[in-house]
Structure formats: C-alpha cells, structure tokens
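What follows is a group of structures, each given as structure tokens.
The following pair of complexes shares a single chain, chain A, combined with chain B in the former and chain C in the latter.
Here is the complex of A and B:
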C-alpha cells in the first residue's frame, strides 16, 4: 500500500523525464529514416538507411570525426596538464593569491560566444590582434590564425574556456591534501618534485578522472566557438561533428541527414565514454 | 656537553611570540616529554627542532653539530606525526622504505632493513597493504617503523597516541616504553596528557606560554613543583590549594593560620623572603580523614568510588571544596561532618606570585 503511494507520487516526474527523453530521441530516429528536406516539403517518404549513407559519405564526415577527437584529446591534455601545474603553483601562500585565483577562474564565467569573439577579434586577428602586434614588434610576419591554423585556434579558445574548470577542481582537491604527509616526506628527504610526483599526483588521480569525464561530455559538443570564429572552415578544417550536423540541418535544410548525424554523435559519445570510463573510471571506485 | 643542546630558542609568528627563549640540554638516550596545555608552544618547539618551522633566534646543536639552519631531512631526526601521515597511495613496505629509496640506498640493504623493522613491529604480514586497510594501532606501528628504518639520532613524537582509543593508547604507551628500552635512542615526545608524560618520561619538560616552567623527573615534578602552574598541572585529581588566613613567624617555626587551626611549619624548609600571606598546596593523598583532633573540618559533599580508592569532595567552613583520598571501603556518608589531618611533610607553600618558596624534606619517605 505504502509502496504504491510512493510510486504514484513519483510517477509525474518520472513520466515527464521519460517523455522529455523519449520524444526527441524517437523523433530523431523517425526523421533519420524519412526524406525530410525543408526545401521540398510534403515529400516525406520512407527512405531506410539512405540518410545515414548520405551523412557517412559526406566529404566532411571523416574529417569531422577526426576533428572532434583531436579537439577533445588536445583540450583534455592541455587543461589537465596546465591545470595541475597552475594549481600546484598557486597552492602555496603568496601575496595576492586570492586575486590570482579569481583571475584564473574568471574565464569560466565568460560565455562561449563572447570567448570566441574576444579571441577572434582581439587576440588572433592578423591586422589588429595582440598576437599580430607581438609578431610585428618582433619584426615577424603576423600569423593569420583563423585561416591558417583553424583547428589549433579553436583548441586554444576552448582550452582557455575550460582550464578554469580544471583549476577550480584541482585547487579544491589540493586544499584537502594532508600537510603532515608533506612534512613527513620532507623529513624523509623528499624534494618538492618528489612530493609532487609521489604524493600530489596520486592524490589528484580522482579529481583528474572527474575533470576528464565532465569535460568530455561538453567537449564532444563544442559548437559556439566554431560557429562564431571559423565557421567550420576553411573547407572542413575546423568542422566537428556538432558543426557538421548543424551544417546539414540549417545550411542545407536537410533535417533527415542531420538527424542521422545526431544519431552518429550519440554513438560516438558512447564509444568515447566506454573507453574513458575504462581508462579513468577505476580511479573513481574506492 | 649535552647531546641535544637548545639555547635561547625564539619563535615569532607575525603577531604571536610562540617560543620565548627556550634553554634545554638533553642527554643521549633520554626519553624527554614536552607537556603543557594547548597553545603553550610544545608542538612549535618540537617542529622547530624538526626543522619544519624556522626559528627566529637561538640555536640548536645535535651531537656537536649546529643544526639550526639545516633542512629537516639533513638533521638526522625522524618524526612520528599525530595523524601518522602515512603515504596513502603506497603500500606499507613502500611507506617504510620511502626515505631509504630517496637516499638511493642499495636495494638489498633496503629490503634487509625493512624486513627487520617490520618483523620487530609485527608488520611482516601487512607489508603489501595500503594504509587505509590498516587499523589505528597498525597505522601507528607503521608510522613508528618508518621512523626507525632511518636509524635517526633522535626520534620526535607529536602527540602520537591521541588518535587511538583508551585501551589501545595504554597498550601503545607500553610498546613505546619497551621500544625506547630496546633501541636506547634519544626520544622527544609531545603530549598534553600528563599521564603519558609521567609514565614514559625520564625527564618531563613543562611548558607554559612559550617558556619552560620546570624540567625534572616525573617524581620531582610531582613532589616538589616550583610553581602553582606545575603543581596544578601534574597529578589527578588536582592538588588542593587553600589560601591561608595568616602567616606569622614564631622563632624557628612558621605558624600557618588556616581558618581556626594553626599549623607549624619549620622555617628551615622555607627559602627566599617571607611573603605577607601564602597559599598552601596539598595533594589529596596527603590528607587523611581522622575521627578527632584534625586540622580542618568540613562536610562531605560527594564521594567518587574508584574501586581501589575513593575521592571525597569536602566543603570546608570557608565554602571551599577540597578533595581527600580515602580508602576504598570508606564508611563515610554524604553530608557527614568530618575532620581532616594534613601531612606536614608534604605541604607546599606558594607566595603571592604563585611561586613555591618551601622545600619538601628528603626523608619524607612514607611506607
């Protein structure tokens, strides 16, 4: 009796969440199996696997997959390595530490579109960007980042955006590190590097796993930075899966192929998650 | 020349003077205990000796070598921390061998040392475990083992037993005493527990507000403290302190006026100038309940039966409560009026600035 009442009371939220998930997913599956182009309304006949075939044989498909994975891995490596290094650096008390911490964390508060605009117009612009000014004042040829190194530029922007998250997690984790352990190691003759290598890094294993997992979820779907800065180009050079889907749906008005792409993205996310959880998930089970 | 020689040691924090000129000589092989209330500087003193805190004045010599400015790893000291500070990601064996591996000792030597230490501390079956898989007592032994492996000149202990439960604490205390007998190495031990101090120490150093209050063997401190602070700090239950109602000199006797009674006290047992008034200190076991002609009278308020003895809380005529140690099967009842006799030989006199100005006779050796 009591059980059924609890179930009854939970039902609305469970049903709502279920509908929330099931409806978009089934509609995506449905759209991916019909001919659904916004330019030719009314011709929504069933086409089987054709949309998938179109998406996979798109010249941008494999480039987008490889760009997505390159972006993901590069940003993960940059944010984790730099994040650990910077957090360890600002762990010791020094004058103005709080200000430095706030500055290090503040990029996280900036929305991705603004972030991309700042990098595009103020930093990387070949005429009046800060990088161009630095090159000029050293007598070097300014680099046109967005046209010559589009993917690298996107990686820099996204890393800048996500480094604060890593720092935030690592700084908090470092504060919970036992000072007596460090003192004991110090008395055992350990140098700063030894303490970092044998005590700090193992201590950070779990926070690193958390950062990698959470960042992965968001990095697989990077869109705003690409849209605002490079527009996926030149060519497909900075197009990732999310941007390719957008390209299909809203630039070529082909909802069917875009839906098929969406299902590929779900598949890719699951494959990546599978390997990631096998690689770092063991740190989480203690 | 002492083995460990601390001279005029000072430690200033930004706005706090933690150590105010510590002078201490420690002989080789001694077991020294620093004891005092929290905030007295005992841990700071230990950490300064260890080199984990830098001193702001004075010097520390160990075995004829000035170690004041030396890095803590170069001082030939090993420390056991309150939280044990085991390296959580290493096995017991790796914890024990960490210092030796950093010193790039030979693998065979390391193995040999680790196995001999782990055998002597009964850790040999736990070598492959991680610290979180050990009990409190086992972690404690690993922490001690990690110190022993390095064969230091001095062991430092920072309240090592305070995280253990009462039964285990008594057992570890015995093990530490045994260890000191076996190794014969100099040990410095910090605690706030005066029972640990009394039972372990060769000599106890009592600290108060960044200064050494008194140094001596446990029994010296117990019988002849030189200040009210030491008298009250050592001994459970606390020494009874009663303010005198008058102090006059009659020939070679002092007359201590205690409410209606006069107690004679030989002038020979007093040193320094005679203050106008004084407080007497007397431990509960030096007061006896008598049927008549006692020195004090009072009403029994509460009796604590401990089995082996009973502590009687008695309210005196001046409304002060004192504690008297009575035999286990005492016939006394709550609310009864009783008389108490004071053992003259064990009486201690404090002047108005709380220093002791009397001495306890040598021969006061009660059977």
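Here is the complex of A and C:
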C-alpha cells in the first residue's frame, strides 16, 4: 500500500524527466541519420553517416573542438587557481570581510548576455573602453581585443563569471576546516605557507574536484557570451562546439548535420558526467 | 616588532589585498551602474568620467525604445511560473524519496542528476522543431516548460536534502496519531520546511532569470525575457552604452540581491550537495 503511494508521488517528476531526456535525444539521433534541411522540406531520405562526415569535415570543426578545449582548460585553471588563492586570503577575518565577499561573488549573478556586453563595449572597446584608456595613459597602443584576441576575450568574460562560483564553493568548504588542527600546526612552528600547502589544499581536494566537474559541464556549453560578443568570429577564431552546432541548425537550417554535431556534444559531456556522478554518488546517503 | 604587532600588520595587509581585488572584480558592475546615469556622450567620453551630473533619461528611453516592461514581465512570468510548477512537481517526489526510501532511491536521484548533464545544444534541434510544431516558439508557455524541466533535477535534489534533515520523531508522532501520508506531507513536513522550500525556489528563480541559451534560441520579439532583450543591444549600429547600461542595471539588480541572499543554497544546489 505504502509502496504504491510512494510510486505515485514520484511518478510525475520521473516520467517528465524521462520524456525530457528520451524524446529529444532520440529525435537528435534520428535526425542525424537523415537528410533534413528546413529550407527544403520533404526530402528526408536516410543518409547513414553522411551528416557526421559533413560535420567532421566542416572547416570549422577542428578549430571549434580546439577552441572548446582551450576555453575549458583556461577557465578551469584561472578559476581554480585564483579561486583557491582568494578564498584562502579572505578566510581570515579583516575589516569589511562580508562586504568583500559580496563584491567578489556578484559577477556570478550577472546574466551572460549583460556580461558579454559590458566587457565588449565598456571594457574592451579599442577606442572608448577602459582598457584602451589604460593603455593610452601608459603610452601604449590600445588593443582591439575582440578582433585580435577573440578567444582570449571570451575566456576573460567567462572566467569573470565563474571565478565567483569557485570562490563561493571554496569559502564554504574552508569554513568546515578544522581550526584546532591549524592552531596545533602553528604551535609547532608551521609557517603560513606550510599550513596552506599541507592542510588547506588537501582539505580543498574534494571541493576542487567538484568545481572542476560542474564548471566543465557549463563551460563545454558556453554560448551566450560568444553569440553576443564575437559571433564566433573573426572567421572561426572564437567558435566553439556549441556555437558551431547553433550555426548549422538555426543559421544554415541544416538539421541533419546539426544533430550529428549535437551527438558529439552529448558524448563529450557524458564522459565528464560519468566521473561527476561517481564522485557525488559516493557521498550520497539515502 | 612584537608578535601581536606582526599579526595586526598582517591582518591589515590581508584586508588591503582583499579589498583591492574585490573592487577590481566588481568594477565592471560598478561601471555599468554609473554609466546608466550618464548621457550617451558622457558614456563614451575619453578619459572615462567618474563624476558627472546624473540623469534618469536612459531609463525612460529604454522603456520607449525596447518596451522594457514587457520583457521584464516575460522574465517574471517565466522564472516564477517555472519555479512554482517545478516545486509542485518536485515536492511529492522529494518527500517520497526522503521518507520512504526504497532500494532504487539512490539510483533515481543519480539518474535525475545525470539528465542535468545533457548539454542543451545536443537537443537544440528537436526542441526547436517540437516548439515550432506545437506553436510554442516565442511564447511564455514554451519557456516555462523548458525552464521547469531544466531545473527539476536540482530542485528535487535540494528538497530531498532538506526533507532528510527533518527530525524523524515528529513524523512518527504524527503517524501514531493516525495521519495519512498525504496529511503527513501537508500538515507536518511542508510547514516545517517552508524555509528550505523558499530558498530552493529562490535559487531556481535566479537560474531561470539568467538562462540565456533557450531564451536566445526559442524566443523573438514577443516572449523574449530580459536576457534575450539585452542581446539586441549588441547591434553594431550606433553606440548606446548608457541605454544598454540602464537596461542591464534594471535587469541584473534584483537578481544580484537575490543571489546575495541565497549564496549557501547556490553552493548546495549547484554542487548537488557535494559541498556544504
């Protein structure tokens, strides 16, 4: 009796999520095997692996893969290294610590489109931007960030958004660090560096792993920042996998090829998810 | 220098370093905020102006030019609608899993988490085509459905961890008094976890409000929430920095404040309870 009520209560979310997962994914798989362009409806013959071939031989494919991985690794390194350093810095009390914390985490709550536009216009514009003004004041030639270093520009924007997340997680994790252990180490004459290296870093190992995995899921799918700031260009210079697929689907209307690309993205994310779920699952007590 | 003096000096140095870095990282937001009170000419002046006579005209122009309130209303409807809908669906499941766990409960929770790992771009095409065929493109309802499903795993997961922390004795007492499972849930569990449900909802609102992928791809002029409306300011014709800043400030201010209040839930929700 109890059993059936429990099932009934769980049914809505389980069924909805199952539909949400299975229906679109099987459609993606189906589309990836047929010739399907929104501009030429009705000619949906089976084409086997041709869409995959098309996607992989697209001139942008390898650039997009390399950009996706460069973006991912750069942002991960920046956010984790700076995140650990900054959260260790603000772990000790000082005047106005709470305000500092609020300031540090705020960029995470700025919507991606606004983020991209603030940086594109007000910071990185080669004529009127703050960076150009700083360069000029120092007697240097201003840099046209978005044209000359498009991928670096996107990396800056995305890191600015995700560094606060890393800080937030690490600060939360540091609060649960054993203070007695630290004090004992201090009594024994350990320096600040030693405490950081041998107590703080090991304590943060798990949170770091979690941050890396969560960020990976989101960073593989960076879209809005590129869409608003560089439009993937110049050329393919700042196109990542997500943007390339969008380009195929909604700009070139090629559903078949876009679906094949989508499956690549799913595959990439699944490899990461596998490790994440194992890590979280270990700590889950029911 | 004595040891206490050394300590004091260190605290001061740490304070200065932290404040400097925090102000640098916050600067773009600060700059957006003050630019929204400038005229367009002041906004692009070189050198940048920190002191000027503030004007409110950008805020009125933004409303006239891009119908700000309509898009703000779209954001409100979609984030609150999706949050309420997701809570209604998630509460019974989380309750069942927390209080009547079976052999498979853990697997179901992990499976739910795994659906969150599916990259949106992998299902962009079918969702776009389904929305088109069912007339959901560029409608509030379409976005509400997507947002609900998108956040459902996080919401179930967070509610589950709140419910699990409730004292079991109270429930047993209620059961002894002959309460039905339904009565237990509505009369005992829900009143006790109002705080947890509220902060879960808050997190969900923040996530929906800032969602950009689906908003950009599934809406046009009618149902575009603020994330998509702001993107229309990226057009290269003319510089509208002051107006862009005004629109952005209005769009971000409420959510930044919400965010300050739900920091803890954010960590818990986004890391699926792996970091507390």
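Things to note:
Simple rule for what comes next: the second predicted complex is superposed on the first by the 257 of 286 C-alpha atoms of A that agree within 3 Å, B and C clash if a C-alpha of one lies under 4 Å from a C-alpha of the other, contacts with A are read in each partner's own complex, and residues count from 1 in each chain.
Throughout what follows, a residue touches a chain if its C-beta (ideal position, glycine included) is under 8 Å from a C-beta of that chain, and two chains touch if they have at least 3 such contacts.
The shown structure was predicted, so the numbers you read here are calculated from the model rather than taken from an experiment.
Annotation: superposed three-chain arrangement on chain A; chain B versus chain C shows no clash, the two fitting side by side. Contact comparison for chain A: of chain B and chain C, C touches the greater number of residues. Legend: residue contacts after superposition of the two complexes on their common chain; A:224 is shown touching chain C, with no touch to chain B.
In the superposition on chain A, contact of A:236 is made with neither chain B nor chain C.
When the two complexes are overlaid on their common chain A, residue A:186 makes contact with chain B while staying clear of chain C.
With both structures placed on the common chain, the touch criterion links A:106 to chain C but leaves chain B unconnected. Of the two partner chains, chain B is the only one touched by A:178; chain C is not. In the superposed model, A:199 makes contact with chain B only, not with chain C.
In the superposed model, the angle subtended at the C-alpha centre of chain A by the C-alpha centres of chain B and chain C comes to 70 degrees, rounded to the nearest 10.
Look at A:145: by the touch rule set out above, it reaches neither chain B nor chain C.
The superposed three-chain arrangement places the nearest Cα atoms of chain B and chain C 5 Å from each other. Interface of chain A with chain C (complex): residues 2-3, 5-7, 9-10, 12-14, 16-17, 20-21, 23-25, 27-28, 31, 86, 89-90, 92-97, 99-114, 116-123, 127-128, 130, 132-133, 136-137, 160, 163-165, 168-169, 172-173, 176, 206-207, 210-211, 214, 217, 220-221, 223-224, 227-229, 241-242, 245-246, 249-250, 255, 258-259, 261-263, 265-266, 268-270, 272-273, 276-277, 279-281, 283-284, 286.
The part of chain C that touches chain A in the complex is made up of residues 11-12, 14-15, 17-19, 21-23, 25-26, 28-29, 31-32, 35, 44-48, 89-90, 92-93, 95-97, 100-102, 105-106, 108-110, 112-130, 149, 152-153, 156, 181, 206, 209-210, 212-213, 216-217, 226-228, 230-231, 233-234, 239, 241, 244-245, 248, 251-252, 255-256, 258-260, 263-264, 266-267, 270-276. For chain A in complex with chain B, the residues that touch the partner chain are 178, 180-181, 183-190, 194, 198-199, 202-203, 205.
Within the complex formed with chain A, the residues of chain B that make contact are 50-52, 72-73, 77-79, 81-83, 85-90, 98-99, 102-103, 146, 150.
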